[in-house]
Structure formats: structure tokens, C-alpha cells
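Okay, so chain A shows up in both of these, paired with chain B first and chain C after.
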Partner chain A sequence: MIRGIFRHPKNELEGEIKWNRTPGPSVPEEMCVTCPSCRKMLFRDALAENSDVCPRCGWHFQISARRRVALIADEGTFQERDADIASRNLLGFPGYDEKLRRARRTESGSDEVVCGTCRIGGCPCCLFAMEPAFMMGSMGTAVGEKITRLFEFAEKSRLPVVGFTASGGARMQEGILALMQMAKTSGAVRRHSDAGLLYVAVLTNPTTGGVTASFAMEADIILAEPGALIGFAGPRVIEQTMRQKLPQGFQSAEFLLEKGFVDRISNRKTQKALLSRLLEFHAGCTK
Partner chain B sequence: MFSKILIANRGEIAVRVIRACREMGISTVAVYSEADRDALHVGLADECYCIGPARAKDSYLNMSAVLSAAIVSGAQAIHPGYGFLSENAEFARLCAKCGIAFIGPSPEVLARMGDKDEAKRTMKAASVPVISGSGLVENLSQAKQAAEKIGYPLLMKARAGGGGRGIRLIRSEREFDKAFFQASEEANNAFGDGGMYLEKYMTGVKHIEVQVLCDSFGHVVCLGERDCSMQRKNQKIMEESPSPGVSSQEREKLFQICEHAMRTIGYTGAGTVEFLMDRDGKFYFMEMNTRLQVEHPVTEMVTGVDLVKWQIRIAAGLPLDFTAKDVPVRGHAIECRINAENPKEHFRPGGGKVTMLHLPGGPSVRFDTALYPDYFIPPFYDSLIGKLIVHARTREEAVRKMQAALCELVIEGVAHNGDFLLELLQDDAFQSGRYTTSCLAERGCL
Partner chain C sequence: MTAYERLQAARANGRATAQNYIGRLFQNFTELHGDRRYGDDRAVITGIGLLGRLPVTVVGIEKGHGTKEKIARNFGSAHPEGYRKALRQMKLAEKFGRPVICFVDTSGAYCGIGAEERGQGQAIAENLMEMMGLRVPVVSILIGEGGSGGALALSVADEVWMLENAVYSVISPEGCASILWKDPKRVGEAAEDLKITAQDLFSLGVVERVIPEGLGFSKTCAFLKIQLIRTLNRNRKLPAEELVSRRYQRFRRIGSDFPSCN
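Here is the complex of A and B:
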């Protein structure tokens, strides 16, 4: 054993100036993040450069709607629509005003879903991305209205729609009005489809509840990010109701692909190339 | 001065840095992989932390583990040694964010010199002569056009390159297409960057490098040159200072060029500027190493300057207290790299247990190593196991001293290249001092 055999020299610290920096060495909180899947510690800068995908295990981190748009839309082509539509406490639900205020104070600001037009790989299209950080991406009247309007605009302008879903379902604080958005958005998707136009949905983690039961699953082509949780009710609720053990990987994107609910798993890093190929193929658009 | 430093390295260089710290009264923190539990640097340091499995990727290159060890131990600075994280701009940036001093140049300079193509452009702008070549080439046809201009034979190099990867020698146009795609693919796999550039291939040249030391007050000192032309497959095996092939006028001119360049790029710390010298005595910039080098003891022996201590002092914000005039090059020093590899089996690297060890000694003989009797050399890392350095008044005396010292070196249980080095020392090319980088390849010693 080599340890403990050497003595420590009694040399005084050289020079007079002591290196006295306060505070001492520490990790700034925003510098690192732990991958929830493989537990590896990752640096935020490096993670952002890798499209927020864990370089070790491929876990797709949740990203904001704005960042999603920046990753997918060709630079400088995104033009937002209906940015001024925001949720209100229509039913006078207790505590909802405060919840909205708190949600707007976070990083996401007042984004619930970001809608607009852009080009992807040179192909013009309508784009929407839901904000997972705003009250778990839940769908209230504002979200429903914005998505409906986007589909109506796309139908009028004869544009395809690309949509990124991330949602915990219909917003409970808006009750029946939130549930109504399922029918409303579905109607708009149907009219857009009847006009012979393409709709591609990309289901991201998590896509659940009323959103799954409406416009998320109504696309012509349904893509999903690896490992995303996709379902209507959560696995715990189902297990308790059915009193049955659920199969492994239940409600994961891969499970849904196997059962035919999803057309393809799409890695975030190659997503833009895939989407532009799909758009180009269906629109016959020339770059 | 820092009161505690973490050494983010292993082997002889970690031992070298720890020794400097012990002299300076600085506490030391060693980090080690699971394969290095019994390594000498772990025993010599005041504190030690295991930072991961044997593979370097999971331990010595694991930035978060190294930083965690620094923070847990309260180290104020990190010395990266050579290799591993020493030229990683990202790591230097993270150190700064955590309030830890990185002993080396700023992240910006690291990034600029790490991009080989940009380093060449920067040096060219600082009026340093560079090897003629192209800038970045985007595609095959553009590369071919550039190749026509430069002329064959030429070297194709990856801008992110290092360790000999992503480099191809192209002798004629016929080989061009294949080499372009292969090298680009290799660079993309190894460095995640397939950017390539072309450079004239020079044969029969000397590899001459200049050691510089710069503080944060704009003082620059050139500490003589080293001749590292004795190479096997682009790996240096013997180094000496001063170079027998450089005249005093050429030397003076070279130092002027380097001083000017260092001021222009705002370099701080210890660094090495590498040049090729052709038969007419003309110098061409090749690349800059922004770290301590393996062969730094050669310079230490002829100048008497402790480079590691000065690296630490400069990082702590102290000014250089001498100029080049105060540290003239005295005598001649030679270094031989002792590698755990078998020359009889095409230099196959090996490891094993050191069953007996005798290190050469005597006046002006230095042996930098992390070996000790019964040490097991793990197979996961570089094959360098020791560096034998001698210093004497004249070159002839130094060569004699080196021969005597090499004969005294005994490392039983591990195959090494000691005998091969002895042969090289006796070779006419080395004795005359006229050897070049291609001399071993010409003799078929590959």
C-alpha cells in the first residue's frame, strides 16, 4: 500500500499574498442538471447544445415552447399569431386567478401555446407548440381557441400544420368550458383535413388527457419523442380501477408504436430533417 | 498564493505537480480512477478522491466528477497536467463558473489555439510564418482545387485534430478522394467535427519548439528551444535543448517571432509554440500547445526555471520576476521517454507488475516517474512510464551521460524501450545532430 508512507513537509505557504476569494469554490445552481433517466450529472450549456437530449442515455428533457419553435423553424421565419389570447377565470373558480398569476411569473411567461407560421427546411407551414411549464400544459379555453384559429387559418391559406403537444389534459379550473375545447379543436382539425391538407403531430412528454383524446391523436402522421408518456388516464389510475398489473413500458411512445397508435419515434436531433422531408414530400414544395 | 490545488491527472506528471506543490507549501488533492487506487500520485497527495471507473472517459475526462472533487475538497485551483482536460476550453470555462482557478491560459485562448485552422490564421495575422496550405475546405471539389495550388505531397488535417487522428498523407491526386472522405469521417467520429484543411507535406525537416512563459502583466519570456525531431509515428521519443541544428541568429529570430505572437494573442501561463525547420533554416509555425509538455524537464535543466511552480504562480496572479537575460541557457540537456512497449513486437504497448526497479542517479541525472517496486502498470492509459533527463556542460558529455544512465535503468517485469533508445543514441544521425522527423521512418523503425 502506497498511502500513508510519505511524511508531509513542513514548508510554509510560499509568498505573502493569500488567495482569498469569497465565496470559495461552489457550483452555481443553474450550471448542472441530473438526467432523470440515467442519473448522470450534465452541464446545462452542453445539454442545450445537444438539443436538450441526454448524451448518455438519450433522455429527452422537457423544453419550452419558444425553444421548440427555435429548434424547428428556419431561422427568422417564425411569425407568431394570436399572441394576445390569454386564459381568464371565466367560472370564478376559487384560487384560479392566483394560479394563473403564479404561472405567468415563471420562465414560460404568459405562453400557454405558441402558434404561428414559419418555414421548416424551406417549406411553409403553420406551427404550434404547447408550453409544458404553464400549469402542466393544460388545455383551457385560450389554448383551444388559439389552436382552432390556427387550423382555420391554415385551411384558408392552404398550409400544412405541424404541432407539438405537451399536456396534462383539460384544465380542471375551467370545467366544462375546457372539455368543450376537445370538440372545438377536433372540428377545426376535421375541416382542415377535409380540405385535403396535411397535419403532422409530434407527441412529446407528457401528452395526456383531453389533448390525447382530441387533436393530438387526429393527425395524418403521428410522431412521438422517445420515452414520452402518452395516454388518457395515468397508469396509476388505470391500475387502481382495473385492479390489474399493467405491462412494462405501458403508455410509453415505444409501446404505442408497437400497438399502432404512433407512426414513428422521432429523435429530437433528427426531427427537423424528418419534418422537412415529410412536408416536402406532401406539398411537393421546391426549396 | 493558493493554499490547496487539485491535480486532474495521473502518472508521472501528477507526481511532478504534487512535488512542486509540496515545495511551495500548497496542500494537494489527487483524483484517481478505480484502476489507479495504488498509484504513486494518490499516495503523495494530502487528500484523494476516486472519480470513476478505469476508462479515462469515465474518470480523468469526466468534468463533473473532477469539479465535484475540487468543490468537496475546497481546492482553489486545478492543475490539469498534460493530455486529458488540459486543453479543454469548456472545462476551463466551467472552472471559472465554479470560482476555481484553471492553471493555464484563458478559455478563449484555449479555444482559439485548439482549432488548428484558426490557430494558423491567428499566427499568420501576428506575422508568424506558417506552412503553406488552404483554409477550411467545404467539399471535395474545393479541396481538390486547393490541392492543385499547394502541390503534392500534402497533408490533410482535421481542424479539431489531435493525437494523430484525422490526418492523411496524400502523395498523388489518385489517393485524394479516398483520403478526403476517410479523414473527414474519422475526424467527425473522434471530435464531432469533420472540418478539414490542407497543408504542404514537408520531409527532412526538424521539429523545433519554443517554451514560453507569460504572466498576466504582459511579460513574455522565451526559455530556449527544444529539438523534438526524433519521432516514431509522430510521437516524440527523444528531446534535447538547445537544438544542435539551430544557429544563434536563427534562434534569436525565432524567439522574437514567438514573443511578438504571444503578446498579440494575449497568452498567459506556460505554452509551447511548435515549428518545422526546413533545410534552409526557415521556420514554419505548426501549432501551439497551451499547456505543460511532457518534455518540459529539458528546459528546466538548461535554464534552472521550475516551469510548474511558475505556472502556479502566474495563475495566482504573480508577475514573472526575471527576464530572458536572467536565465541564459546553460549546457545541454537530453530527455529519453521510457515507454512500456516492446520494440521487438512492433512496439506493442504492454503493462504488468514491476518486479524489480533500479533508477539511474548521479549528478545532473533526473528520472521523472510514478513507478515503484511491485507497482502494477494498468493497461488503460498512455504507455509513458518514465522520463530520463540528463544535463551536462556540452552535448557530447550529455550524450555520454545519457548512455551511462540508460544502462543503469532496470525495470524488470515490464517490457520497455530502453535498449532501443540506447541504439538510437549511438546512431550517427543522432550523434551528428542532423537527424530529422523522417529519419526513423527512413530506417524502417516503424
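Here is the complex of A and C:
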């Protein structure tokens, strides 16, 4: 392509420059993704095989709640709980019904948070994974209720909880009821904790707002995926308040580690081994 | 009054703030400062005072009066230190068996670089979890603006009361209008749809009591004082386990109307 662009056409009769090149192997668009961090073109299959982590720069792609469960739970051990709980428009908020309908039509379907029991490296536990694609992973009453029920069940069955958070915060279409889910889930975490049981949270990109300010930050051990955005206020809100650009890497998982708010950065490829080790350390506590 | 008018009333200049209520309701109020970790957040007032003859721990988010004080109080937007300072006093209250009374009036927890660096989310989360298990009676009163997580961090109580013209919301109506409709001018609509008024929240079961304001500040305070004494005397008789369990159930039932599965 580059060759010939500086050549002036001599006259009209010369015509277009013809290149006798066969076109390179073309790749259908849907088989490829571009890494948002290093801009490398990646094959979807290869990426999926690599736990959706960019093989070049280590960028952790956002993944669905179902995929999360598949990556973490021992094969065939996951049993879902409270699958029927779904958001409703409790306040009659205009446009919310339509938004819910649209969100349910996407790839991840009607999942808002997937809850259940499973084994990780042989250790039994309760597991929840929030769905980042469903209305930006926001927490409404359905999410609050499912997480609360999971902690209550874990307390009754004396099981540890492993939770993957991904959320833009409380869902504003559910108004104050969404805010109250922060207190409700915190209460359930508290009771589970008072029973002497372990709760490990893995904060994934992004974990912000009401979820950060409740059950994400209440775990006994807090892990975070590399590069994940974690904070209370979103970066745009802070920039608007402060009227200045935020420093590079502000509110990243590494930043929180440095400030002492997460225990470890957990690479997705070694995550399962790390979680099963942590569960094993606490295995004696469930009796 | 429309929801938007109530919002404006809640934010009005000259509206009584936490220090006004504290001054009127408690004798010998003694302010105690600092979170013992980082600093003293002036957006939050904490201390001990007498309610009638009963010593109580008092926590209030203070917006301040006049430009100078408002700046010093950061317009009632607390940093993590403020929430940790409140928690420290609440833990002391638990140790000495004192009830806790919180006055909430904030447009929200502060969003800034320092606040994030020192764990705003973690500070709020810790308050929610700790207040849920506090073994002494807690009453929270929303006296003006109840802005999202920053207000909730002091509102995990046995009973939550609201002044007639106070508002309590998951997001500011301005924020909601600009995010959802990209039009900050539709704030009135957002205020209506978000259900932020005391009357709305009472019917949603989020607050136990709406305190009338129509008769003026002193009458409101007199009414508040009687109700506080009654409520605390009733709740002090409950065994701590019962108190904590009732507090959990109070929040547990909000937005729990789903079919039971499994």
C-alpha cells in the first residue's frame, strides 16, 4: 500500500497502479479482539484459552459471571441458588422496565449476580459472581437479596464464601431501596463473620460505588485482579469535583495495594490455586 | 410541596444543622475529636451529652453556617476520617452501654483524591458492618440532606427518623438527571421519580417516623426530645442480642419481596 503513494501519475492513460499482490489471509472480525491496553489483535479462541488475559501485556478482560464460575469452580460441582430472583421496577421508575428488557436480551442474559455452592480445589464453599454487563453490574434489590440469602445460607451450612465483585454501584432506578441493599448485605456479612466463617472477596474491573462501600470491602481477605478499577467515587466524578486530571494508575488495584486496602493482587491464571490454598488454610474453621 | 421543593428546603441556607439540634437537645454536650488514625474531620461532630438524665453518644454531620464555617466543615461532606471518628465514638458508647444518636445532613461522602487514598469506600463499609452489630440502642435522624452512602454510613440504626422536609436518596437528583437523561435541568422529574421525600420513604418502610417541622425549630426539638427519650428507654430494656437481631431484620426485609427458591 505504501509503495507508489508518492508517485505522480504521468498522464490519464497510465491509469491506476496495479499491484500484483494476493491479499493476505483475512480474519473475520468476530474472531478477533483488540486488547484495550496494548492494542494487540488477539484471537478470541486463544484469548479464552488464556483465561481471557492478554498474553502480551497481561490485561484482564471483563468476563461474564457464568465464565467466572466456570473458571473457578471445580468441574461439575457448581449448584446454583436463587436463580429465579430477578429485578423488578419497584418504584415505577420511568424507562426502567425497558432497560431491564434490553439488558436481558444481551449475551449474558438475565444474570445479575450468579450465586451457588461449589468446590474450589476440593474445598466446599459458597460462590457469587456479579455480572458486569448487566446494567453495569449495578446493585438493585435482586442483587442485594441474592447476596444476602447466600451469606445466610453459608452461615447456616457453615461454609466459607468466595465472591467476585464487579459493579458500578447502587442501581439508581431502584432509588433508596438500592441504597438499603448496602446495609442489608453488610448485615448478612457481619452475621456470617460473627459465626467465625471465612469470606474472601475478589475485586474485578470495575468495583465502585455502593458495592465498594459495602460487601466488597468487608471481606476477611480482599484480592484484586491486576489493573482493576476500584474506588468509591468514579474517576469522572472526582475529576469534576477536583477540576483536575487524576494521576495515572489512580484507583487501580495496584494503587489500593500500595495504600493498604487490598491483601493481594491476584492474576486470573493463578487465581484458582490461590483461592483453594486460602480455603484450605481455613478448612478447620468450618467445623 | 413537590419533591423538588422539599429538596430545596432540605438544602436551604439557614436551615438548622446538626450543631443546632445538639445544642438544643442535650445538656453539657462535650465534643470529642479525632479518629486516632489520621486526623480530625470537622465535617463530623462527635461527643457525649445528657438527654434528660441519660448520657448518650452523639454523632452529627455538620454543614456549618456562613461561608467560613461551611468551608471549614467541607460543606458537610465527610472524609474517611469523619466516618472512622464516628465509629470510634460508637465503639466507646458500646463499651460503656450508652445509646447512640446520629444526626445526618450531607450531600454525600466527599469525592476527592485524599478521600480515595484513605479508603472512603472501606470506611463506609466498616461503619455499616460495625453499626449492624452495635450492642447499644442507635437512632438516626435525617435532618436535611441524606446523600447516598455518606448518609447511610451513619444511618444503620434501630429506628431511622426523618424531618418532614429532609430528603434521602441513592444519588443526587441532579446526578441522576445528568446520567440518565444527559439533562441536568430535569432535576425536578428525577427528584419525583427517585422517591426521596420523608413521606415517600415512610410509605416504603425505609423510615419509622416523619418529624413535623411546621411549628418551628423549638417545637420540633421538644417533640424530638420526647420521642428520643421514649424510644431509647424502650430499646435499652431489650437484651443486646435481641436489639441487634431486630436491627438486622429491620434492614433485612427492605427489598426482600422475592419468591423463595431452592
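Keep in mind that, in the parts below, the second predicted complex is superposed on the first by the 251 of 287 C-alpha atoms of A that agree within 3 Å, B and C clash if a C-alpha of one lies under 4 Å from a C-alpha of the other, contacts with A are read in each partner's own complex, and residues count from 1 in each chain.
Note that in this section a contact is a pair of C-beta atoms (placed from the backbone, for glycine too) under 8 Å apart; a residue touches a chain by one contact, two chains touch by 3 or more.
Please read all numbers here as calculations on a predicted model, not as lab measurements.
Peer 1: Have a look at where A:Met31 lands relative to chain B and chain C in the superposition and call it first, second, both or neither.
Peer 2: So A:Met31 only meets chain B here.
Peer 1: May I ask you to decide whether A:Phe43 touches chain B, chain C, both, or neither, giving the answer as first, second, both or neither?
Peer 2: First partner only.
Peer 1: Applying the document's definition of touch, where does A:Lys259 land relative to chain B and chain C: first, second, both, or neither?
Peer 2: second
Peer 1: May I ask you to decide whether A:Leu71 touches chain B, chain C, both, or neither, giving the answer as first, second, both or neither?
Peer 2: Neither chain B nor chain C is touched by A:Leu71.
Peer 1: Is A:Ala170 touching anything from chain B or chain C once the two structures are fitted on A? First, second, both or neither.
Peer 2: second
Peer 1: Name the chain, either chain B or chain C, that contacts more residues of chain A.
Peer 2: On the superposition, C touches more of the residues of chain A.
Peer 1: Touch test for A:Glu145: chain B only (first), chain C only (second), both, or neither?
Peer 2: second
Peer 1: Just to be sure I read the superposition right, which of the two partners does A:Ala283 touch: chain B = first, chain C = second, or both, or neither?
Peer 2: In the superposed model, A:Ala283 contacts neither chain B nor chain C.
Peer 1: Mind working out whether A:Met136 is in touch with chain B, chain C, both or neither, as first, second, both or neither?
Peer 2: neither
Peer 1: Based on the superposed arrangement, let me know which partner A:Ile221 touches: chain B (first), chain C (second), both, or neither?
Peer 2: Neither chain B nor chain C is touched by A:Ile221.
Peer 1: Mind listing the chain A positions that touch chain B in their complex?
Peer 2: Its residues touching chain B are 1-6, 8-9, 11-15, 17-19, 21, 23-28, 31-32, 41-43, 45-46.
Peer 1: Show which residues of chain C lie in contact with chain A when the two form their complex.
Peer 2: By the definition above, chain C touches chain A via 109, 111-113, 115-122, 124-126, 128-129, 132-133, 148-149, 152-153, 155-156, 168-171, 176, 179-180, 193-196, 201, 204, 206, 247-248, 251-252, 254-256, 258-259, 261-262.
Peer 1: Report the residues of chain B in contact with chain A in the complex, numbered from low to high.
Peer 2: For chain B paired with chain A, touching residues are 1-3, 22-26, 38-40, 42-44, 46, 48, 63-64, 67-68, 70-71, 74-77, 90, 94, 97-101, 313, 316-318, 372.
Peer 1: Note which residues of chain A are touching chain C in the complex, please.
Peer 2: 81-85, 90-91, 93-95, 140-142, 144-145, 148, 170, 172, 174-184, 186-191, 193-194, 209-210, 212-218, 231-233, 237-238, 241-242, 246, 250-251, 259, 261
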